[in-house]
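Labels for the chains are A, B, C, D and E, by order of writing; each one numbers its residues from 1.
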Amino acid sequence: MAFADSWIVVPVFAPLTAALLAFLVRRASFFISLAAACLSLLAVAVLVNRFLVNGPAAYAVGGWDPPLGICLRTDGPALIMLVLTAVAGVGISLYAKGYFTLRIERPSRVGRPERQERFFWPLWMLQLTGLNGLYLSGDIFNLYVTLEVIGVSAAALAALSGKSASLIAALRYLLVSLLGSMSYLLGVVFVYKTYGVLDLGLLQAAAAPAPGVIAAMALMSVGLLLKTAIFPMHFWLPPAHANALAPVSAILSGLVVKGSFFLLFRLWFDIFSPVLPAAAFNLMGSLGAGAIIWGGVQVLRQQRLKLLIAYSTVSQLGYLVIAFPLAFAGGSSQAWSAVLFMASGHACAKIAMFMSAGTIMLHAGHDRIRDLAGIRAYLPVTAFAYAAAGVNLIGLPPSGGFIAKWMLLITALAGHQWLWAVVLLAGSFLATAYVFRVVAQLFVIPPDKPVITRRRAGLLEWPALIMALLSLLLGLMAPYPLRLLEAGQIVRTAMTMGGGP
Amino acid sequence: MTTILYSVTGLLLFVFGLFALIVCPHPLRKILGGNVMSAGIFLFLVAASYRADTGEIDAVPQAMVLTGIVVSVCITAVALVLSTRLQQAADQGARRRRKRRREEDAGE
Amino acid sequence: MKMLLTGFDLLLALTLLWLAWQLLRSTDIFKAIIFFICFGLLMSLAWVRMHAPDVALAEAAIGTGLTGPLFLAALRRIERKAGKNMMSEPAGNGEETGSRWKARNREMSPLLWTVTALTCCLAGLLIWTVLIIPRPLPGLADQVAGSLAESGVNNPVTAVLLNFRGYDTLLEVMVLLLGAITVWSITHAPFPPRVPDTSPVQKAAVRLLLPLICLIGGYLVWQGAYQTGGAFQGGAVLSAALVLLLISDFLWLPGMRSLPLRLGLTLGPLVFVLLAGFGILVEKTLLRLPVEYAGPLLLFLEAACGLSIGLTLAAFFAGGRPASDLRETPYSGEAKGKGPAES
Amino acid sequence: MTIPEIIGLACIAAGIPFFLSGTIGMLRFPDIFTRLHALTKADNVGLGFLIIGLCLQTDDWFIVIKLVLIWVLVLTASSASCHLVARRALQKGIRPWTRE
Amino acid sequence: MIHVAVALFLLLTVVLGMIRIVYGPTVADRMMAAQLFGTSGLAILLVLAWGMDMPELIDIALTFSLLATLATMTFVRRVWYEEGKSDDS
C-alpha cells in the first residue's frame, strides 16, 4: 500500500496524538488541538477528492485482511459525516478558546475556568478521535469501542462544569450510555454467533434472514436509539445538554448524537437492509413522528434558552428517524440521502444556536427567555447567527434543512404516505413557533432595560456566524454533497427498487 | 451441555443487571448492575464460541472479552467518582442552605 | 468424570445467578458489594471452566482485584459524606447496618410489576433465540492459527489482541487514559486525614508483599507472549501494588506533583502511537510490524502499556487528581488576579 | 499410579477437612474473633496439605516453586489481614464473646 | 477424576460459606467471608489445574492470593476506620 494511502488514518490519529500532547503539555493545549483539527480537515479534503476520483477505498490496519484484521472504509455517507465533523471541529475549537478566555477573566470561582479549560482540550480531542473512528471503521466490534470512547468523553465533558445539576445529568448520561453500549454489544455477540465474522463488508455479503439476526438488530437498534435519544428514550438529553458549558452543549447536540445515529443508519440501510421487515421501518417512523410532535410541544413550554434548544434537538432528531420508512417504502434513494443531508444541516444549525446561546449567557448572566429583550442592541452578530440557524431548523428555502425536508416530502407524497407528510409539516410549524418566540425577544422588542456594556468578544461571535451561514450555504450548493452520496452507493441499488433521482 | 448452560446463565445475568440498572435508586447499586450486565454478556460471548468436543479455543472472542472487561472497569471507575463528587456537591449545597437558614433565624 | 464436571458447572451457574439476585435484593449496599466480590471470584472459575485462562486472569485481576476495593472506597466516601457513619458498630455483635439509601421495602408498585414483566419476557425471548440458533459457525479460530507464526507471539489471544486487532487495543488503551483524564477532571483525590501511626503489622506485610507483587506483575507482562498473561493482567497486578502503597500511607498522593504522574499515564498510549507511526514509515501500513522484530517490539509495547495501565487503575482507586494540581478556591469578590498557577 | 501420586492424593484428602472446618467454624462460632481463628485454619493448614499433595503429583520443579510461593504468600497476607481486622474490631468496641 | 471431585467439594464449602454473608451481623464478618472465598477459590483453581491439566491456572492462583488481601486491607484502612484514631489506640 502506497504511503499516500495512509491519509485515511490521519482523521483518527491526529486528534489522538493531540489528546496525548494536550494532556501532557497543558499550556499549549489549544494550539495542539487547533492544529489537529485543521490537519484532520485537510486529510478529509484529500479523502473526498480521492473518493470522487476512484470510489470507495478500504485500508486494512496492520496489514491483516478483513476476516482477521480490522479495515477502515471510506464511502459516501462516511465522508459526509467526516466533512461535517472536521468543519464543526475547527469551529468549536475556535469558539471554545474565546469562551474560556472570557470566563478566565471573570471567574465565578478562582481556578475553576482554568481547570475546565485544561481538561476540555484533551477530552474534546478524544471525542473527535471517537467520532472519526466511528465514521471510518469497518468492524462491528471496533464500532463498539468507538461508541464507548464517544460515550465516556461526552459524559466527562458534560460533567466539566462542576455544578451539581450538571453532575447529576452527567451521571445519568453515563449510565444511559453504558446501557446503550451493553445492548449494542449483546447485538454484536448475536451477530458473531450467527455469522462468525466481524467485518461489515463480509456481513453485508452474508446478510440472510435468520432468527439470530432479528434479535441482533433489535438489540443493536435499541442500544443506538438510547444513545441517540430518540423519542421514548430521550429523558437524559435535555438536562445534560442544557447544564453543560456552551462549547460542550454544541459538541453534544451537534456531533455526539449524530455519531450513534450514523451507526444506526449504516446498520439499517447498508448492512442488514434486505433482512429487516417493513413493520420495523414503520415502527421507527412512528418513533420519529412521536419525537417531532412531543419534542415540539415540550420546546414551547421551556423558559430557559438552553433547555429550549436541547428539546429542539430531541424534536429535530425525529426528522432523521422518520425518513426510515420513507426511504424503505418510497424506494427512491432520495429520502435516504436526505437523511444525512438533514443531519449535517441540523448539526451546523444546532452548533451555531448553542454557541450564540453561550455568548448571550456570558454577557447577560442568565438565559431566561423572558428577560433577553433587545440582545440585538449589543450582540448583533450573535442574534443574527441565532436567527440564521433558526431558518435552517424551520426549513425555509435557502437552508439545507429546506432541501432535506423537500426531498422527504416528495418521497412521502410519491409513496402515498400521507401520515408522514402531515407530521413533517406539523414539525415545521412547531419549529417556526419556538424559533420565532426567541427571535422576537432578541430582535423585535425594543430594549427598555439598561444595555450591558461589555461587548468586545471577537472569537465568541464569528464562529457562531460561520456555522449558521454554513447551514444556509449547504442549501445553496446542495448538488455537491448529494453527488458525493450518490457516487458512494455500494448496496443502495440492491435496496432501492426504483431508479435514482 | 456446558455451552447451553453458560449461555443461558450469561443471558440471565444480563437481564438481572438490566433490571438492577433500571430499578435500584442507589447510584452504587446501578453501577453494580452495569458490571453484572457486562459480565453476563461476556459469559454469553465466550460460551457461544466454546466447543467442548473439538476443544480448540477461538482466540477472537477472548480478545473481545478482555477489551470489554477493561472498558467496563473504566466506566465503573468514572461512574463511582462522579457519584462521589455528586454526593459531595449535594452535601455542600445542603450545608450552605442550612447556614443561610441559620443566618435568617439569627436575623429575625 | 464428565458427570462431575457438569455438576461443577451446574453448581457454579446456580451460585452465580443466586449471587446476582442477592446483589439486587439485599437491602444493605455493603452486603451487595461483598456479593459482587464473590461474584467476580466465581466468574473467574467460570472462565477457567470454559478454557479461557487469559480472561480468567483478567477477571480475577481487574474484575475482582480492583473493582472490589473501588466500590468499597467509593461506598465509604458516599456514606461518610451522607453524614451518617454506617460503619460505626455499637458494642456487642452489632446489628444489620442500613445505609442512607435504605432500599425501601420492595412494595410491588404497578410500575415495578411492568418492568419485571418486561424483563422476564425479554429474558425468555433471548433464551428462545439462543436455543434455536443452529450449531455455531467455526468462527475465526483457524485464521488465527494460520497466521500466528508471523504475529511474533505464540499465545493466540495476545496475537489477536496486539497484532491482528491492534487498532482495537489502541482505542481501548485510549479509553483507559480517557477514564483517568475524566477522573482527574472531576475532583481532587479525596484523602482521609493521615493516621498518626499505621500499625507495624500493616507496614511489615506491605513491605514484604510489595516486591513480590511487582515481580509477579512483571512476570505476567513478560509471560503474555507465551502463555496466559499480558499487558492488562500484569498492569492490574502492578496497580494492586500501588493501591497497597496508597492504603498504608507510604505514598502521600496530595503531596505528589502531577507532571510525573501524567507522563506515566500517557506512556503506554504514546508508545502505541509511536509504534503505529513506525509501522507507517517502515511498512507503509498503520500498526504493521516487521515480522522478524514483531516479538521484541510487542514485548516493549506490553511493558509500556502494563506500566501505564497500572498507574491508570491506581488513579481510579485514588479517585481524583493530586491535591497540588489546579486548586479551586471560592471566588472572593474583588480578587481579580489570575487563578494560582498550577505546577 | 506411582507411590508419590498415591501419597499426594492422601495429602489432598487430608487437606479437605480443614477447608470444611474453616467454613463450618465461620458459620457456627459466636463472634468475629473465633470466626477469624477458624478461617485462618483453612488457609494455612488446609492449603498447605493441598499444596504438598499437588507438589508430589508433578515432576516439574518450576511448578513446585510456584506452589510454595503461593502458600507463603497466602500465609503472610491472610495472617496480616486477620490481625488487622481483629485489631480494628477491638478498636470499634466489639467485645469477645464470653460464656455467661 | 479425584481432582474434579475435590474441586466440587470445595465449591460446596464456598456456597455454604455464603450464608455467613447473608446473615453476618457485623461488617467484618462479611468481609472475612470474602477473604475465605479468596483462599477456597485459590484452592479450587489449583485442583482444577491438575483436573483439567491447564498449567496456566497456577498463575491465576498466584494473582488470587494477592487480591483477597487487597480487598481486606482496603476494607480495614479505607472503609472501617474512624477519623484520627491511630491503628493501635
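Assume a residue touches a chain if its C-beta (ideal position, glycine included) is under 8 Å from a C-beta of that chain, and two chains touch if they have at least 3 such contacts.
This structure is a prediction, so every number in the text was calculated from the model and none was measured.
Asks: By label order, what chains touch subunit D and subunit E together?
Replies: A chain counts here if it touches both subunit D and subunit E, which gives C.
Asks: Remove subunit C from the picture; does the complex fall into separate groups, and which?
Replies: Excluding subunit C but keeping the rest fixed, the chains that touch end up grouped as A, B | D, E.
Asks: In terms of C-beta pairs in contact, which of B-C and C-E ranks higher?
Replies: Higher contact count goes to B-C.
Asks: Computing the C-alpha centre of each chain, which chain sits at the greatest distance from subunit A?
Replies: D
Asks: Please compute the C-alpha centroid of subunit A, do the same for subunit C, then give the distance between them in whole Å.
Replies: That pair's centroid distance is 31 Å.
Asks: So the centre of each chain is just the mean of its C-alpha atoms; given that, what is the distance between subunit B and subunit E in Å?
Replies: So the centre of subunit B lies 22 Å away from the centre of subunit E.
Asks: How big is the gap, in whole Å, between where the Cα atoms of subunit C centre and where those of subunit D centre?
Replies: 28
Asks: Using the touch definition from the top, which residues of subunit B touch two or more other chains?
Replies: In subunit B, the residues touching two or more other chains are 14, 17-18, 27, 31, 44, 48-49, 60-61, 67, 71, 74-75, 78, 82-83, 85.
Asks: Show the residues in subunit E shared as contacts by 2 or more other chains, in ascending order.
Replies: 14, 26, 31, 33, 55, 59, 62, 66, 69, 73, 75, 77, 80-82, 85, 87-88
Asks: What are the residue numbers in subunit D that touch two or more other chains?
Replies: In subunit D, the residues touching two or more other chains are 32, 69, 73, 77, 80-81, 84, 87, 89, 92, 94.
Asks: So, with touch as defined above, which chain pairs make the list?
Replies: Pairs of chains that touch one another: A-B, A-C, B-C, C-D, C-E, D-E.
Asks: What does subunit E use to touch subunit C in their complex?
Replies: Contact set of subunit E toward subunit C: 1, 4-5, 7-8, 11-12, 14-15, 18, 21-22, 25-27, 30-31, 33-34, 37-38, 41, 44-45, 48, 52, 54-57, 59-60, 62-64, 66-67, 69-71, 73-75, 77-88.
Asks: Which residues of subunit D touch subunit C once you look at their complex with the stated criterion?
Replies: 30-32, 69, 73, 76-77, 80-81, 83-84, 87, 89, 92-95, 97
Asks: Provide the residue numbers of subunit A that touch subunit B in the complex, in ascending order.
Replies: Touching subunit B from subunit A are residues 141, 145, 148, 152, 155-156, 159, 162-164, 167-168, 170-171, 174-175, 178-179, 182, 185-186, 189, 192-193, 198.
Asks: Mind pulling up the subunit E residues that touch subunit D in the complex?
Replies: Result: residues 2-3, 6, 9-10, 13-14, 16-17, 19-20, 26, 28-29, 31-33, 35-36, 39-40, 42-43, 46-47, 49-50, 55, 58-59, 61-62, 65-66, 68-69, 72-73, 75-77, 80-82, 85, 87-89 of subunit E touch subunit D.
Asks: Help me check something: in the complex, which residues belonging to subunit C touch subunit A?
Replies: Going through subunit C, the ones touching subunit A are 125-126, 129-130, 132-133, 136-140, 143-144, 147, 163-168, 171-172, 174-175, 177-179, 181-182, 184-186, 262-263, 265-266, 269-270, 273, 276-277, 279-280, 283-289, 326-332, 335, 337-340, 342.
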